[in-house]
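Data block below; observations after.
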Amino acid sequence: MDLGENAIGRQRWAIPDGYIPAWSHGPDPEMTSHEGLSILNTGDREVEVRITLYFTDREPAGPYRVRVGARRTNHVRMNLLTDPEPVPLGTPYASVVEADAPVVVQITRLDSRQAENALLSTIAFPV
Amino acid sequence: MDLGENAIGRQRWAIPDGYIPAWSHGPDPEMTSHEGLSILNTGDREVEVRITLYFTDREPAGPYRVRVGARRTNHVRMNLLTDPEPVPLGTPYASVVEADAPVVVQITRLDSRQAENALLSTIAFPV
Amino acid sequence: MDLGENAIGRQRWAIPDGYIPAWSHGPDPEMTSHEGLSILNTGDREVEVRITLYFTDREPAGPYRVRVGARRTNHVRMNLLTDPEPVPLGTPYASVVEADAPVVVQITRLDSRQAENALLSTIAFPV
Amino acid sequence: MDLGENAIGRQRWAIPDGYIPAWSHGPDPEMTSHEGLSILNTGDREVEVRITLYFTDREPAGPYRVRVGARRTNHVRMNLLTDPEPVPLGTPYASVVEADAPVVVQITRLDSRQAENALLSTIAFPV
């Protein structure tokens, strides 16, 4: 398969700590508690990405499919994914991200359960 | 040994900065200060994990044993580990995580010592 | 090309999650919402760095050019970059950092949209 | 040289983003703004660590020397280092950590300049 010119990164990434806080303070959408899965595609063709979610007490869900255009980034809000099923709130999960060409992946969580928001972020683990 | 089909990641991980804040604000358990050790097992068999804790002024403690089912994630709350001994609060420590098949590990801390919570997270270091 | 004595790191880094919050609380400049791109050059000659920004719905912008002296660090405030165009506020983006000798790159965001600031940081991904 | 039995990690690490906030809220020492450089030594002999600090507009400072015992972790508070000179507050810097046997290094910042604290953390970059 043509992996695309100028593509950088890896085709599979893992994120063990997923969690979308179940409530929020502050104006929507900026301050709504969420996880953002940021995907960078520097290549010259669109990339198809499949996200599989792992849970503590049930079989995995997915794949969730998203696309990232050529020379584009897509900051996927996990709480807006609905197909094949909504991502449950207040529930620990983990993610595996698979792309049909190299991309770079980072996860960021904004937690506004209390009056002031908190942030965490890390580059995902390339596997 | 059979490492399991579809297992991804590494079998040993290190986390130098461990610290469970000794007090909290907000509703328990969501807002209780804690460290969560998130372990992802994408493989087709259950994984046994051994956690060893290192301190600044005494010999290591452990191993603490936890299990992660096939195609599951386990978000271990470090403050709930009690065997062979409770993890001390308000005390700097470090962790080494060893699994009998590849996993991916991430550490997240929620600190609610002040009225509003703070978060940190990083993928552990594969060794 | 002479890469410089004592240079450590890599010549290309990617950061998928870029976002400069559009408003702030607290005294300027310390508490102004911003992203800091920290570049370390341990080598014996000045390094030229080119930053390219990727967006969700338009072609990339850049290169933005910055320099890091021999045995120096430069903590670039992304919101102060204006050439070839200002970095838009409140807009998701991603970055690729290319240097003409090895450097190490870390991204940190201070978000003071609410009364209390939040922080995130991660080493960039070497590509 | 004997690198020590059971030592894991690397002997050199870099951290581009260093910054000790110049003021604080809350009880000392827990809530004092600081950076903690967490070093894990799983090996069977004491490790000597040298820290060099890089700045934006002057030559590097150091080495600062710290020791980590066999099977110990040392969470070094950067703001307590005084030899060969105090680490300046409110000043961007970067660090290179060199050890005479493998260790693992993580940096964590607690920023309590506003009433509620913020945290960031990342594994350092192995070089």
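Note that the chains take the letters A, B, C and D in the order they are written out, and that residue 1 is the start of every chain.
By our rule, a contact is a pair of C-beta atoms (placed from the backbone, for glycine too) under 8 Å apart; a residue touches a chain by one contact, two chains touch by 3 or more.
Per UniProt, the chains are A, B, C, D = Sensory rhodopsin transducer.
Keep in mind it's a predicted model, so treat the numbers as computed, not measured.
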Maximum centroid distance from chain A, chain identifier (CA atoms): D
Interface residue overlap between copies chain B and chain D, same or different (over half shared): different
Rigid-body rotation angle, chain B and chain A, from Cα fit (steps of 5°): 90
Geometric centre distance via CA averages, chain D-chain C, whole Å: 22
Distance between the centres, which are taken as Cα means, of chain C and chain B, whole angstrom: 31
Residues of chain D touching at least two other chains: 115-116, 118-123
Residues of chain C that touch chain D when the two form their complex: 8-9, 26, 30-31, 36, 38-42, 71-75, 104-106, 108, 110, 112, 115-123, 126
Complex interface listing, chain D residues touching chain C: 12, 14-19, 54-57, 59-60, 90, 92-94, 96, 109, 111, 113-116, 118-125, 127
